[in-house]
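In the two complexes that follow, chain A is the common piece, with chain B as its partner first and chain C second.
Coming up: the complex of A and B.
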């Protein structure tokens, strides 16, 4: 289910394969080479004046470092992360029970399928005006929209995870006289946990997208989305530098969150990859 | 102990792929007996077992365990499934797997842990409690499943082709394990298998089912000397005679005419 498996796993013979730590170091090295090459092309392109509006990589990265010590930016970053971090657990609390219900009671799933299939493709960003209308102050609208958007992947993954539960496992517990509630709690939920977790990981990146989008839409109320608006309304090379440095920060945060969640996933679900 | 009267089960009655699995099956098992049920593949053996366990509701007939009509899973029953890799919970340690059903027995955590350890010792896995199922071989995993059933102290243990997924050597070890543990725990065992030799080697009695829709076509008492032994028991003239009889019943052929 996760795409992040090393290609060496795909049924190749064990002989001649480098040790895991060596393979890991090799992989990290290649990642670093890729990033370095990208930065070099960027730097050269900017210096050669191929893209006149583009600040050089070195200047941009310097600005990225500076921003970390800029209280205004740090406050905005914190406010974005707080909204995302508040929204994710709420989304889990909303989506997992609903997913369990839909996954275990087919009648409910069939009754709600049309509405789910209708709501799901609506881009959450398009709901920003509606959210601002219903939820005030804006921080509430931001969190509400994050919860809504982040709930979808968790809900869908829970639903399929629960459906995928092995009937032999369920029957085993039933054969010891356990009732439906115990089966859901002790078999369906733990068995679906890796699916649910993947849903949460997908949802985590969605929380950032929604937080920044709402901030950008509203403007003046904080968050790196608001910072981005202010930067982009400025004039000249400095404004572009701020915009690009903010993007780099958004990317770094997203990357860090994903790496942390992937590590935790490997730890939590070691039993699954055996 | 176990009374089955006129059991009938039809899957998807009225639908185009209606399947008549069991038809008018009668069977009675005495307390403490080890009954092997054999029959051709797909004959409804598993349907029978699932009906006894209350996992499916048969379309007709009655099953009684200890005189009580089976409507849902009886309290004093444990099942060992063929597919240990699917019936053990991979997210739990071996000890937790064995201890889980004991929650139904109202035991506290310490009692559950001790009972689980004792059951693991009785199947020769005293050291495996902290491991996870995927860290064990297939035969060891099935031992864990047997330990889980034993820890529950059922008066009726149902085994659905329990040795169907392990290699021949392991299979013999597990057959002997079942014979050993039934000596220690007083319980009735119904073991379903498609292996004719196994049914005669392990059973006190062998019941042969017909092709689907299944009914009983043969009911043989196995009077082999105890303790049974993988080599000498299988050489015993009665063993050879019985496996022939069971084999002919399974294949639905008559005994060859006696030649003088």
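Coming up: the complex of A and C.
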């Protein structure tokens, strides 16, 4: 996110400077002008035939709206989102305990580091053909790959978060006779939580990447990936119309997920920012 | 030294031996033993006159050129555009929602656009990678360039420091921690997009070999593809971290966030 906008506070005097709410309105206006100018240039370029394959902005946006009422597309969108939504919590369940273990027991971390350092850079999509052989209904392969790929940022952030915990706090608890499980539960986990959450936010965008990628390879499984590949077998502006409209939907979904997770973050960790 | 290496690496041979034993005992065609994968790789790829076979050269080289070339192009375009946008008045406010939207699109979703446009070939890979990874670079460059302390720039201007020196000595270094934060994810994302675009729209490359192996249900071939992509990913990431450490070594916060 760029430049945090400070919320306007009622009853606060500010002399001379433009009020926060006014500055914010100016910014919003510039945002709107930017988007409008982009759409206008796109429309004119397409109408003038500068790029013969490019459908006009108006036609593309109309198609975006149309797709919302297309049951086949809605089903595909839902199926992608379901797989992503199923994979993310599973990844949390897998990665957070492992991260806690690696973060609190240095011996285990040292032993497994070489394996982790080798597995982590493998591009997760390279595992698609393998996963399709191993996990039979395709949906299982999709969720398994999502869990695998989404686990990495959560695991790494948990590891770093736990390692960053104030040792004074853990030692204090320990000297009061708390066991290691209690120390992890009461100190390590809460103070690592914001880190872990950042990992989850990164992981959320990875779930969509993997879901769409897997859908490219299993034609009959549905999902917007399958919809996109189907659309891309056409040629020219007609095919492009469907592809662009789907792309806009994919972007809107990505944006919505981002905004929701950021909102939740601000609410969950208000104690930290305060 | 040797003891430390042993402490760090002993698990790898154990895992490989366990895998070998399990694969032989289980005899599942999907899980070939590592020795079988290794001998497949030697036969197909590493038995050429100068180590590499023709098949290896014809597919590894295009992949490498595509991923490195497209990544470099995206970095140059992203930083140039981003710094320009960040330094020109309030231009950033106008383009912000567009860049945010571009970043929100899951990168592989860009691929079909270029499949329609180019059908096959290197253009598909280059365009998919560039349009897939440029957004975070662009966004962070804008942010970094906008956040440069204006006092420093004004001071330099007053002292008659020419514009190009202000750019290379003040603005770019000050923005570089932000820029590198955007770059960090781009390496692995570029590799992901290379693989996916080669699996779908290519007649050569490592991703293409993987798709051929997958169509023939050639399990050692699939595993070999995964191994070689893992090695490539490891090499590219290490190279990037090395460059980052070099260029950002002066920055205090850089080491903590790595």
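Some notes on this structure:
FYI, the second predicted complex is superposed on the first by the 241 of 274 C-alpha atoms of A that agree within 3 Å, B and C clash if a C-alpha of one lies under 4 Å from a C-alpha of the other, contacts with A are read in each partner's own complex, and residues count from 1 in each chain.
Definition applied: a contact is a pair of C-beta atoms (placed from the backbone, for glycine too) under 8 Å apart; a residue touches a chain by one contact, two chains touch by 3 or more.
The shown structure was predicted, so the numbers you read here are calculated from the model rather than taken from an experiment.
For the composite obtained by superposing both complexes on chain A, the positions of chain B and chain C are free of clash and fit together. By the touch criterion stated above, A:190 is placed in contact with chain B alone, chain C being left untouched.
Look at A:118: by the touch rule set out above, it reaches chain C but stays clear of chain B.
Contacts of A:168 after superposition on the shared chain: chain B is touched, whereas chain C is not.
After overlaying the two complexes on the shared chain, residue contacts for A:239 are found with chain C alone; chain B is out of touch. Once chain A of one complex is fitted onto chain A of the other, the partner contacts of A:178 are limited to chain B, with no touch recorded for chain C. In the superposed pair of complexes, A:62 makes contact with neither chain B nor chain C.
For chain A, the partner that touches more of its residues is C, with chain B and chain C as the two candidates. Put simply, if you stand at the Cα centre of chain A and look at the Cα centres of chain B and chain C, the angle between them is 100 degrees to the nearest 10. Superposition on the common chain A brings chain B within a closest Cα-Cα distance of 17 Å of chain C. Taken together, the two structures place no residue of chain A in contact with chain B in one case and with chain C in the other. If you check the complex, the residues on chain B that touch chain A are 50, 53-55, 72-75, 77-79, 81, 83, 86-87, 89-92, 100-101, 104, 132-135, 152, 158.
Of all the residues in chain A, the ones that touch chain C in their complex are 2-3, 27, 30-31, 33-35, 37-38, 53, 110-115, 117-119, 121-130, 132-134, 205, 208-209, 212-213, 216-217, 224-225, 228-229, 231-232, 234-236, 239-240, 243-244, 246-247, 250-252, 254-255, 258. Chain contact summary for the complex, chain A toward chain B: residues 166, 168-169, 171-178, 186-187, 190-191, 193, 269, 271-272, 274.
Residues of chain C touching chain A in their complex: 7-12, 15, 30, 90, 92-98, 100-113, 115-117, 139, 142-143, 146, 188, 191-192, 194-196, 199-200, 207, 210-211, 213-214, 217, 219, 222-223, 225-226, 229-230, 233-234, 236-237.
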